[in-house]
């Protein structure tokens, strides 16, 4: 439980302080509920609709997990291909950059139009959002090992594949995990955008319905659930990274 | 004109080929215009509404530029403070991570509710989107110079501020520019989300109106304009980076 | 009654008007009032703002970020039941011109046929209730209708693909279907239950506005009213005014929509904009009976005709 | 037989002015099987380039390289190459690093491990076999790299300044190690060094290279028999005379 | 007067088992003003630690450091320190790097530039003053670092293996440079080296340190007068005798 360390205590205290301040300001200024609810109201809404939120969360988790996994698979394939063939890289790389500038919220409705209202378009949106940071960091990691390492292995007569899995891949792992963390942070947002644009269940649906019913406390409950879910993914990836990178782990430990 | 190099020719050819294929598929399968327009139709829509697009673009440019600039200012201040005071960093850093997991599209309507629908909420959204990547990379850059450099300067009796501007800052510059590039890529999307939720002009407004009038060719024209604008920002930052980092420039040139 | 004040003597009062959606023929009268100078004559400078479909006009008007807005009786009712202090000043269209549509090829003629079908909606709480009521009347099983939320997507295209029926405003989406030669079966909401012949859309403002600036409200409504009257009398010219103000929209759609909608603004009412208490009461009761409102609202506080101009003007 | 370079030349293109820079003039060199030859020469003269050519990482512009009569220029995996940097992979423990060659050659894992552990023991590295490189001192890392090169199992070794980064004492120890290993195994060794004492101590023959473009200025036979006593040898008059000669050659 | 260390001790805590590792036992050392003292000792014995203490980057556990009678332990900016790595800032040209000290001391820019250019000229670095460090060879970088230390303008210099990464020839050149500069300026120098020849060639006194925990085993006076002739000096019998003594001491 690395994240439950003493050093986070001040942050936690600060967070509770902020919540308290929020509560006091709202109640003392009589801000109406539909404008900004108090933390206790939000907690109450969370508790009252916990079953509803839970069932919506399951949908979102399914979309996010599948989309994320697919993004990882595609990243591995395309980064691998681009690293093994510089020619293909030169062909595709500019599109990677440009694709990132295409506004997702404008394209998402089209995706839904083409792919229907099932899980598919949300999975696609999550995948698109996650694909870029993972691929970019993976390519960088696979390409940047010290050429001296590569030459050493070449001098030993290692095959391309051996060089890949002995040098390039372990060298790319830390960067890959950095990319995965970013992707995890954004993945839930991708699913919510997708659901917002058309779905029958999911946290995005819960969010829209609450907002259309002027239930601002539930809107905040939805925001809380989405944030918590994203953070959970982030924490999971962080723990996975610790396990997968023992040498980095030992390095950081030694130097502190 | 570094980006107009021979090495991008294959990509360009490939891009034109894709456009051609798109055109042929649409026309030969008689896909209706409102489902997916041909590239020529999109180009036509771009040309016909060029003045309209231009005026909407100006609004978006204004929002993006101001939001981006503010994000840079806040990043500089907060990263500076966090680097100079590790205590404050420990207090704030977790919130930085968590803030990134808060779903912007859920919070954006609230922002508009609190700030009105003028330029302000869009600028805020752009700022929030840009702030994170800039700050994270800046902090990393400012914190990670080889401690031997810091010790060397300390041994010379340099002040904190001298160490900051002689070592930390130049060391952070390449990472800062990497963060700026990411921020530039996302900034336009932030403005479009803001406009989508309530505005009287901007590319997001053009996009929604076209979409609600079932003018799919103009929807694509809008997507094109947004992409082009984002890419322009990206290119600008890249050029700026070259000018600001002569030593990296010379390094890359030497090693190729 | 109001006496026109020359715009030259006083600087105009700035007024923010928030639409409910992309500029469309529901808004024609507003743009006419702008173009023809009715607002200016009343000493007003009106700024138009447009949200996306999931916008929050009601809250924005309630907090005063917008002075006036375009909304719907359903939203106003739900909002008031949640203590959001807004009210309706005029019904833009006298009768509900919305309804459920399905492609003719699917042969959905009655609510009984909804079973086993997919409905694509806006994510409004009232949708479930209306469809449920509709189906119960014919002893159909509501649980067999699949509900999905289609948000921003093109409803007509969705009808050809993933969904079987949806809820449209005939004056806009129905007209687009005609332009596309897409034939639809329409089930008008007003025919389902008299309670569902509610006002959609309406002009709204907040309670503070009518209390603190009744004169401004009256001036504003005077101009709006004249704008719609012009649109009723001159559909062709009104359409061109809207086209000028909504350059992003499809002019053909606007023209055909305007021709259809102009006679329906006022319809059988004595005056444009008039609202009846029973319409507000009926609909709110209907919702309360189905547990869709946290509490019954006071209809007399939800709307007012007070700011409409005298009938003879 | 052994390793022989015939008429090897190599130029690099200088990026700025599209000029080509001649590094090796046609160069001939013989390293007989089982002999120990040192190359010594000014910085930047092309010593590492020669190693890269023999290891097959780069190809010569002209000329051939023969290993036991077989032309091997441009082919890989023929010799054991220990580059100047230790290049231990940071994500592998010392043992895994040392086993790298066996893995690439698809040798039997278990057998290789047993052999590697025995060698690690001899090198005084047993307690550190599960350590990552950053947990080792410079000397340990360099010993690991040498061990990796030896365990790769080739009869011919290229050692490019193998002890460059070590302090005087560790360096002396390593030189003794290398000497004792070589006495047992009699590899064919081409050693690059900038330390004249080291060259005299270890080699059968020392080859002195000129500044760029590089040619061989002179060769010295080192007349001491094997096995050698390092402590006495270097302070002997013959060694001091050789050293003075070598220095003169390198300076002028 | 000069630099004097009195009863200096320092321990590091070992992270794994919360054990503390004693690096310096109480240690006394005098470096008279204008004299050149070399420290020599096995790797990891604490030589760099001594430098860090004198430079003020770290604080001693016990003991004091006096510079011309003033206690300076834990205070910064008193001596010119050249660490083992060259540590030229990659984003500054050679000239800007060399001027680092003047910038930190807020000296007059123009004057400093003129002086720096003259020194660069003397060091044979004039044509490279606008180059970035990665465009320089290792020798040039190290000369730049030495120049930066000298231009910092302190009378006392700490040089931690200043020529560690150089090949034999460049190293010889650099030693001559240092010798000739010192002959002119007569800085108080504390030099750390692992090269016995270098220590003999440059110093007035060589101090030999033991393995950890470190104490002084022995001191040697080097009896050659200044200015010295490097070529002859090292091959003289006195030097060879000293070298043998030093070696014996370090090995056993």
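Labels A, B, C, D and E are assigned to the chains in the order they are written; within every chain, residues are numbered from 1.
In the analysis below, a residue touches a chain if its C-beta (ideal position, glycine included) is under 8 Å from a C-beta of that chain, and two chains touch if they have at least 3 such contacts.
This one's a predicted model, so the numbers in the text were calculated from it and none came from an experiment.
Colleague: Both subunit A and subunit E are touched by which chains?
Modeller: Common contact partners of subunit A and subunit E, which must touch each of the two, are B, D.
Colleague: Taking contacts as defined above, which has more of them, A-C or B-E?
Modeller: Pair with more contacting C-beta pairs, A-C versus B-E: A-C.
Colleague: As a quick test, compute the distance in whole Å between the mean CA positions of subunit A and subunit B.
Modeller: Once rounded, the distance between the two centres reads 19 Å.
Colleague: Taking the mean of the C-alpha atoms as each chain's centre, how many Å separate subunit A from subunit D?
Modeller: 49
Colleague: Between subunit C and subunit D, tell me the centre distance in angstrom, where each centre is the average of that chain's C-alpha atoms.
Modeller: Centre separation, subunit C to subunit D: 86 Å.
Colleague: Quick check on subunit B: which residues sit in contact with 2+ other chains?
Modeller: Expected reply: 35, 109, 113, 196, 211, 254.
Colleague: Of all the residues in subunit C, which ones touch at least 2 other chains?
Modeller: 54, 56, 59, 63, 152, 154, 157
Colleague: Note the residues in subunit D that touch 2 or more other chains, in rising order.
Modeller: none
Colleague: Hey, which residues of subunit A end up touching subunit C in the complex?
Modeller: Those in contact with subunit C are residues 32-35, 109, 112-113, 116-118, 195-200, 205, 208-209, 211-215.
Colleague: Which bits of subunit C are touching subunit A when the two form their complex?
Modeller: 54, 56, 58-59, 62-63, 78-79, 82-84, 120, 122-125, 146-154, 157-158, 161-163
Colleague: Within the complex, which stretch of subunit E touches subunit B?
Modeller: Result: residues 52, 55-57, 76-79, 81, 83, 85, 87, 89-92, 100-101, 103-105, 132, 134-135, 152 of subunit E touch subunit B.
Colleague: Which of the residues in subunit E end up touching subunit D in this complex?
Modeller: Per the touch definition, subunit E meets subunit D at residues 42-44, 137-139, 164-170, 172, 194-196, 235, 240, 244, 247, 250-251.
Colleague: Okay, in this complex, where on subunit B does subunit E touch?
Modeller: 146, 148-149, 151-158, 162, 166-167, 170-171, 173, 245-247, 250-251, 254
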